[in-house]
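Presented sequentially are two complexes of subunit A, the first with subunit B as partner and the second with subunit C.
For the complex of A and B:
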């Protein structure tokens, strides 16, 4: 989870390294810690460290982690010969390593030779049938080939064994949302919220899915989850504030005929609207007019 | 940090001195064959003073406390990590050329 201080630190380090101020190694360590996907910059600055023999020897044993990071970044930017050279260097140092075998499989995937990659992964799985990362790579391969239903099947089988893997639950939820299977996606988000209740972004995604499903009960629950997102982020999440306004107006529209449950206090809506206006005035004051007219049309 | 450290040293010294005085007082009472009901008032005062000094040193010497609120400005979660275990490589950036020709040189 990337907190606000970590994000500002990452951005400032990135600016510093871009403008030639040094600190490339700290930047690479921070990217690795936060699991950010900045492959171009990692490739550029990682290669600049690796090609300089003085800086390389200054790293000591961390050199091999850098080789792995640069290899993955090179595969992401489609510089396959750089990746192959890095993996060769790693293989010379660690000849019987499963981690290097996995990198080889990923290189075959990046080249597009799916059959050979599948063979490499199955042979690695024979030695160690409970290797989580290899199972996840097979799911990613199915997704990359366009076989989404196969990916869902293998991901479900994986989650039957490793139920606590929240990254896999998140991936499954995103796949279901891309296929518009919102009920199943809601189930996945519920699992995520159960295991990590203090991450506001899961509450936000769950509320979005419930709002998309529609129906009076779902709208009420979605409003509650938007409110909990605002609670956990200290009111700084604009999307949740908009969510509250939209939910209130949708509930008002759906229950226009029935008059027994319009005792919803309009305070939440007006509070969210005020917070939005204050935020816009501070950050994008030229768009404040658009915001007020949009909110006014929602109120009816 | 220096001041807090000095406070801590003084607090520990006060506590040791109070303990020593209590032991001496007990020895004196044994000679006079009286009951030991508790240390004298000034030793108790010295104990409390030593306690206050030690606690204030313990709070100030280690440095600033970190915030524990999930919604404080430093701690609030802004984005989730990029789920690198499921990363796929045949995305649209395959068609974008890289600006310099990069190679591993050795």
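For the complex of A and C:
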């Protein structure tokens, strides 16, 4: 995940290049390092560097990395001819390369010829059964073809071997949520929290899933995780604040009649409501009326 | 003896500096040779999987307090279960992989290559130093030493009355051997084949790392007491919000 300073740096570089001041190469390097997905800009500036033979020779050996980056960006923008040219240049230089083979597979994918792409990837995997990127491309292909259960199966098999890959866990969690398989999604989010306990995003998503699952215990746990999100983001996350209010009211509804007072955090609910009101007053004061009426209906 | 021996400056010009220069050059040569001889080692899937398991188990141990107790317990059972737990290595199997590694041709070849590339230049340089640069005092160590070091540092010098601080060129060779590592990492970047001392330590502490690691992880995991940190978070969230509202 990209940190805030890196993102601001990337944006300022982007502005600089957009408005005609140089630095295209630094921008491309930063995009590559942060694995950000800015394919249009990369395509535009990458091509401008590659088509200018003077600038191209100034790059030296980095030229081929740029070819690869531009090829992938072109495929993302569906400029398949550009991509094919770049790949041809790379193939001339590195005839037996696995990386170029992978790019060829990606090109077939972009064209939509799934069968051939699958064949290409399988042959690459035979030579190198532990290539993470190719495994992930197969999952992406299955997902793109709409074969979600196949994607889940391949992703699970991938995770059996590479179980420390948190990006894969995240993808799996999102697929499960899209299929409403919330218990499995909760498991994946737990893995994510384990590997990166200080990222509030995962706490929030986990709390959402627990809240959706329902049930008194899950609601209590969800409330706790909303609270931890608030703690980790310094109270600025509106969704977590809403989550607290909703959880409290849901718990009150479920345990109606049982006089189970929440001894742990009696004030959290009202505090969250006040914080929400303050936030709305600052940022969207015209919606404040909606907010207060919604909160009042929750309080009952 | 308290008197100072005056050493010829020619020693500095013709012994110390050339020796250092030669060692640096040999190091650089070895680096390039190792790059040429680098055989792409196909990672063994079993080892990769075990490495990943260890990372995951370590994450579990480190952040155990962030997930609900039930999930933690189910994960712990998954890892350290007697029958098919991931971290459980039956005693009999633990010894085999080591023997397997030695008989595995690829790995044995790799190890041999690495060892050779390390041993041969060292031996040659040492012999060269002994042949050409022995029998005289090469340098003076700035701090006083005890008599025990005499046999180590004053090899070619057969006078027992010379102060131990005056050493022969062999000790200069050893000093360079261990000291140039920092210089090499500056010149050649982080990953260079001249990391002899590290390799020597690795060779002496040789064991099939993954299986020992697995056992260690399992023990660590068994020890962990789960103390759910989330209730604390509720109080902290309250405090945060209170501050925010003020």
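Just so we're on the same page, the second predicted complex is superposed on the first by the 291 of 300 C-alpha atoms of A that agree within 3 Å, B and C clash if a C-alpha of one lies under 4 Å from a C-alpha of the other, contacts with A are read in each partner's own complex, and residues count from 1 in each chain.
Operating definition for what follows: a residue touches a chain if its C-beta (ideal position, glycine included) is under 8 Å from a C-beta of that chain, and two chains touch if they have at least 3 such contacts.
Not measured: the values here are computed from a predicted model.
More residues of subunit A are in touch with B than with the other of subunit B and subunit C. Of the two partner chains, subunit B is the only one that A:76 touches; subunit C does not reach it. In the superposed pair of complexes, A:195 makes contact with subunit C only, with no contact to subunit B.
With both structures placed on the common chain, the touch criterion links A:207 to neither subunit B nor subunit C. Look at A:163: by the touch rule set out above, it reaches subunit C but stays clear of subunit B.
Contacts of A:267 after superposition: subunit C is touched, whereas subunit B is not reached. Of the two partner chains placed around the shared chain by superposition, subunit B and subunit C are both touched by A:231.
Residue overlap on subunit A between the subunit B contacts of one complex and the subunit C contacts of the other covers 231, 234-235.
Residues 42-43, 45, 48-49, 52-53, 55-56, 59-60, 62-64, 66-68, 71, 230-231, 233-238, 240-245 of subunit C are the ones that touch subunit A when the two sit in their complex.
Subunit A meets subunit C in the complex at residues 128-130, 160-165, 187, 190-191, 193-195, 197, 221, 223-228, 230-231, 234-235, 244, 264-265, 267-268, 271-272, 274-275, 278. Residue ranges of subunit B in contact with subunit A, taken from their complex: 69-90, 93-94, 98, 100, 102-106. Per the touch definition, subunit A reaches subunit B in the complex via residues 1-5, 7, 34-37, 40, 43-44, 47, 50-51, 53, 70, 72, 74-79, 81-82, 85-86, 89, 106, 109-110, 112, 133, 136-137, 139-141, 143-144, 167, 170-171, 198-201, 231-236.
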